[in-house]
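Here chain A shows up in two complexes: once beside chain B, once beside chain C.
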Partner chain A sequence: MKRITLFLSLITLPFLSGCWDQHELDELSIVMGIGIDRADNGEMRASFQVVNPSEVSPGIGGGGGGKQPNFTVYTSNGKNLMEATRNASRQTPRRLFFAHARILVLSEKVVKEKGIYDTLDMISRDPEVRSTIQVFIARGTDPGTILETFSAIDKVSADEVASKLEVSEKVWGENIGMDINEVLQSMISQGSEPIINGLSLRGDDEQAITAKNYEAGKPARLYLNGMAVFKHGKLKKWADGSNARGIVFVKDNINSSVINIDCEGKKDSVAIEVVRSKVELKADMKGEIPRIKVTAYPETNIAEANCPADFENKDTIFKLEKLLNKEVEKEIKASINFVQKQKTDVIGFGELIYRTDPKKWRKIRKHWDKTFPKIEVTVEADSRIRRPGIRTSPFQYELKNEADR
Partner chain B sequence: MREQYKISIKQYFTLIVLFELGSAILVGLGMNAGRDAWLAVLIGLVAGVFLFLLYIYMFKQFPELPLSKYLPLIVGKHFGKVLNMLYMLYFMYLAARVLRDFGSLLLSAVFVQTPIIVVNSLMILTIIYVLHLGFEVLARTGEIFFALTVLIGLSIFVLVLGADIMNWNYIKPIAGEGWMPVLKASFPVTPTFPFGEMIAFTMLFPYLRTKKKALSIGLTAMILSGLILSLTVAADIAILGGHVATHVFFPLLSAVAKINLGEFIQRLDALVVFTLITGGFFKIAVFLYVSVKIAQDVFSVKEERSLLMPLGIVILFGSVAVASNFVEHINEGLNIVPHFIHVPFQLIIPVFFTVIYLIRKKSIKKKLASGSSTLT
Partner chain C sequence: MKKNRNNRHSNSMNEEQDMPVNLEGTSSASENNTDDGASNSVVSSSIEHVITYIKTELGNPGDLVVRHLNLEVGLKIKAAVIFIDELVDSQKIAEFVIERLQTVPVHIKDMPATFGESFYFIKENSLSLGTVAEIENYNDLLDGLLAGNTAIYINGFPKVLMAEAIGGSSRAIQEPTSEVVIRGPKEAFTELLKTNIGLVRRKIRSSDLRVEQMKLGRVTKTPIALLYINNIADPKLIEEMKTRLERIDADSILESGQLEEFIQDETFTVFPQLFSTERPDVVAGDLLEGRVAVMVNGTPFTLIAPTQFVQFFQSPEDYYMRYDIGSFLRMLRFFVFIVSLIAPSIYIALTTFHQAMIPTTLLFGLAAQREGVPFPAFVEALMMEITFEILREAGIRMPRPVGVAVSIVGALVLGQAAVQAGLVSPVMVIVVGITAVASFAVPSFAVATSARLLRFPLMLISSIFGFYGLTLALIVIIAHLTSLRSFGVPYLSPIAPFNMDDMKDAFFRFPIKSMLKRPSLISQKNRVRMTNHETQKSRGE
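What follows is the complex of A and B.
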């Protein structure tokens, strides 16, 4: 017994000393962002934004000395993404490590002309890449430039972009985080199409990719720019501004946003802050073509009022609520018209019909492309203005009262 | 020969739960049914309970004997031996399959460059070691790991709720393509895997400390694990969406990877891998132990421990040899094993010997009464 135990523990010993797949930290290049583009000869061109650890971590290298850039971008070509990835090893001193990649940037030109299909498989197959990686489309620029752009606040721009999306999602509501799984899921499902955030560069292109960019008073910046509406894997159209927010509204992904309404005849003089919002979608399956009813329930505060209105009177608030309803209805309606015109079901009305009446859906799903634009949608908003911040009537109301006296 | 260890009720319960969750929670169970996979699991549970009732019925007839000892009484000594050997091979094959599942998970998720035999041999050596110390050790380890698993399971559950990553619209509508596809995806896959695999416990029932509770506790444990499995599958789909959940090899791993609480609590895959290793460990251990028990009867070996190493090694090499690649392994698991291996061993043969027993009841009882002293 004792001998066997000894024998067993002895033979397990060499296995316990380490892992076969060990990767030491100093042998890895941590990729933060991946860019996918096409080279002129039709090959795939991949860019990888890689952190320079000694510059990013505060402890090593004299508190991020700034002698070297915080990150560097490798670009390489290949017949497919995998080949391009491994091809990059001729430039990288260490093995590329993808577990911390936060953004995937696709070229606008490629997804418009060739479609998105040939770019996503490896990202969703490789065990190293996390499925929380956010997908973007480089709008008006190319993925390489986006990744090469130096950021001003965070040390690594891919990190900064991911944070920008999170913040904007929370307070502005024209973008929805779309990770690789969500893109795949909406692409496969018959009753929905993907919608992917756009990423643009504002400012001097030349300066953006040099270290001067974060010393400059007016640096070139990456910013979120609309959402790309897809159809059969190809970029169909960009949804911008209120169209984009309308879509986010219907998809029930609004966390917070700002809506302007008129007050005392002054256009857009009251800014309403949406605190939370809920949207109910109902499909009416009677009749040949289903009808859909959208009801939005935004809960809001008054954030700014540049008009002489009496906020101590509850009727004023109710009046504003009515105006707000109209504004929300208008915006949602317009965005639904927009997607119906593009004939691409990014909202997932097909999914909704499938959930409501699977039998009926099985009949119409074959010609859903044709049915979708014909669907009649009614929009209703039932908003609540809960409180007007920490003061009652705006000072302009007092000014007006003074003047009247 | 040492005195047979008696399994306490608590250990019986925890072993069943760990055994049932084992590898089933890892591979997407019933995913053929698309977003209705969770329904397929429940259907499997109901059907599996009936199989369990059949095994319990036979146990009640022979409360002192395991399967390998009452089979020869029913069908005759020689035919009984043949059936016993088949069962031994069956359990060994299942152990090999679970071991392969487990190794594949580790390989495709973490150790891409490691040969599967390295990972698998570490697992089987650990199991052999534990069983070498006796079944008692396994049963008691089960209690500890059950508590750990519950703790991890609950915290993952809370974190998933907290991260707000579930979209229940993904699992609606219920049976949207009609009930036929759901039933088709369920039979015979989900009743036989993992619920029907409870046939392994026919070898353990006689060693329970409180035999009366074999049925009630067994059923509770089965239903509990069935519900956990169904809930897990539903959550996988609600997190990943029907498409992704049905097209990844390990949905639970992918689902948990999406947890991200405030950019701080994230990448919890390691926790899942831990629970999966635990479940796999107990499942393989139970299969190995029962095949050793049968082998002991078939080949009249006195010391059960001397059989652990040979059978374990066969299982180890079997786990590598069952399929040349992972896709083949999964294909076999879904299309061949349930139909041509599980159904005969879990349903046809048990029904067959139960019927023979009912016909020859009197003579068997007489034989049992006269030879009971030599048998136990």
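What follows is the complex of A and C.
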């Protein structure tokens, strides 16, 4: 009899979903994006973008489609992030599941005034959240609105934003992926400060958070907008355009980008595609204030040429290379000037000095804020133009030749 | 004496006579006839007595044929030809026994003068069958009759002639049904031991091929043959096999599966410890590796010992095709075995514990499919697996004409409709389908069955402990496999204990030229299979 009872209870076991840590897929709310903001009363306000799987996956589920939104955003308050997260359970029908979250959006206002420190611990501590979650700062808007914005191509906007960053990082080079791990690393390590990508909304704010947004011909869109330069955990300044790319260049994170140079007296008429680049940083520890030498080795292709130049002549190419060197040097120099002016070492010169001469670094470290802007930086570029694409000289050159004849 | 004859015959060129001569139930039957009622007394010299005795002992069966003859062999003799219908080849009896007895060779001058003399005269001159023996007691007489021999009794002499004209209906040699190959011999064993031994002898025409016969089963007296190659197989192994066979004291051995249970090393395991095959080429190949084979009359399945786990993943075709495709297919089979073992468990563990490991887009799909499924993933998987097992069992057992109905119900109703009714998610159908197909791709049915049985506990464990539990369970299974032995040979060899030379024929099938030696743990002394062609060539030039 006892055996029968044991047997029966064993059989019923699988039907009872009481096992620790076991969650069926339909008991989970898959969070794709997390937003962190402050409420007016100073409490932490967390937003969670949660996917509606049956709307997102193709050909399965409810049918019809469009009856329910692809995702929804829950917002809740708490004294800290953990409290806000658990507080959200009053609204969510299922357990929030963070393993697939791709973006973490912080509020510009909060990181400017209160700093970034209080927001990151739980995200990096929770075993569920991946350390590859990309960190963004909502620039000119708030995290809630960013997460609520409906996207046009990918069904989930958090997914789309993360993909945007991946693509732009590969081909444009004004932004680099900064996941939570890298942010924390650059905050902790000696003599370096984080830079974090900015994310803005362009278009009609009101329309962005309605389902109409992806039906509209001109939807409101999220786009990457510069990189935030931090100092002591607070947002100091936004680095935009060539400043941002210059920083990425020095940090040796350029995958590919486009640089314009003059040709035959025509301004910005040749577009050079950087295909890979290597940067060497060297610290010269002689003297009281260290000197740093930056050498960049970009490898490039000619991508566009709107001038009558003879590319079959190697001297033309050498000339272009020289111009390109100048252009790169100028850009890098400008960006270094920019960060020195902000007195924040996002490039990691301090780390470089620490690695070169730890003893000296210990001396400099205390007044690094004052020393950093004074560091003399020389920039040199040694670029190579490898291939002109599938044609050699531009047709404008041939036109000119015809005319001359 | 019988042994000598055996050897002489096997050396002769005649293929018909190549078969081992065994007057079934004549000599060896006396070994185990301890309790079967019939007395060991000498045959009476009166025809009435003998016939009455046989009829009484056998219960006067309808299929017992007693043909009385009045012969004139020097003197007038009453004789009888006795046999059991359907066990004998009646054509042969009519032609080579009865007709020959009735037409006495008149040209011989010394006609016998006594019953005894005429007995031997008939034995030597009047029976044109290959095998004729004289027997003296009733016991052998009955056993011989029941084994399908024909008794020729001459009145007045206390001996009986036993002629072998075994016949009756038997299945022809057909293509194997459970081990199909595209390239390779297409013959399979039949139910007749004689035929089966012949099939192997035709492949290995060596005087070293030894066939030892015995009978097992107190009631059934099933003929059994032990095959090995004298200089290759380890004598200790042969001795061990013989001991284990002789130890069996059972009423009946009807199929080699029953025999397998008697002689295997470990009873409580789901893994088969003896390899069984219905292909003569597989038996020949294994004998040449130094293994021994046990054949049982009445079944085409031959047992091979010792057995290694990797054998179940070797198809004879591996050796007939090129080594590259052979190696690829063999690795595929190992993979497929693992799939059939753990595919549902992985699905359960992934979807209930480790959702973080699923690619995001796939997770959306899976989550959407799970939407509205009322059961936990484990129950869902269990339902589908059991349904599949039911279908498979029904597919094997059902009468052929209803087969169509079952497949329609199975495929359409249970697959499609279960999804539409919201009982299971579509991806579950895929998982079960993959598992099912994978289990059929394992060449050995026996080891596919092990995977089939282990699947369920593994599913349960991964539904409770996730990958952690699954990993532990797999470790336990591997530990168990390592602990198994088949006739003293580690089951997991050559993987554990590791042997580089033998690995050439484990996960891969190396080119035949490179497999110079026989498996190390099986053939102990005579290990060299072939000389190294490469070195030979270089020496010659």
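Definition applied: the second predicted complex is superposed on the first by the 382 of 405 C-alpha atoms of A that agree within 3 Å, B and C clash if a C-alpha of one lies under 4 Å from a C-alpha of the other, contacts with A are read in each partner's own complex, and residues count from 1 in each chain.
In this text, contacts are C-beta pairs under 8 Å (C-beta built on N, C-alpha and C of every residue); 3 or more make two chains touch, one makes a residue touch a chain.
Keep in mind it's a predicted model, so treat the numbers as computed, not measured.
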Partner chain in contact with A:N313 - chain B first, chain C second, else both or neither: neither
Partner chain(s) touched by A:Q91 [first = chain B, second = chain C, both, neither]: neither
Touching partner for A:Q68 - first (chain B), second (chain C), both, neither: neither
Touched partner set for A:I188, first chain B, second chain C, both or neither: first
Partner chain in contact with A:R130 - chain B first, chain C second, else both or neither: both
Touched partner set for A:T392, first chain B, second chain C, both or neither: neither
Chain B versus chain C as contact partner of A:L25, first or second or both or neither: second
First (chain B), second (chain C), both or neither touched by A:D159: second
Overlapping contact positions on chain A, where the chain C interface meets the chain B interface: 15, 19, 21, 99, 130
Residue numbers on chain A that touch chain C, as the complex places them: 13-15, 17, 19, 21-26, 28, 30, 32, 51, 53-54, 56-58, 60-61, 97, 99-100, 102, 128, 130, 159
Chain A partner contacts - residues on chain C that touch it in the complex: 351-353, 355-356, 360-361, 363-373, 375-379, 382, 426, 460, 463-464, 466
Footprint of chain A on chain B - complex, ascending: 108-115, 118, 122, 125-126, 128-129, 132, 169-170, 172-173, 175-178, 240-244, 254, 257-258, 260, 266-267
Residue numbers on chain A that touch chain B, as the complex places them: 4-5, 8, 11-12, 15, 19-21, 99, 124, 127, 130-132, 179, 181-182, 184-185, 188-189, 351, 354-356, 358, 361-362
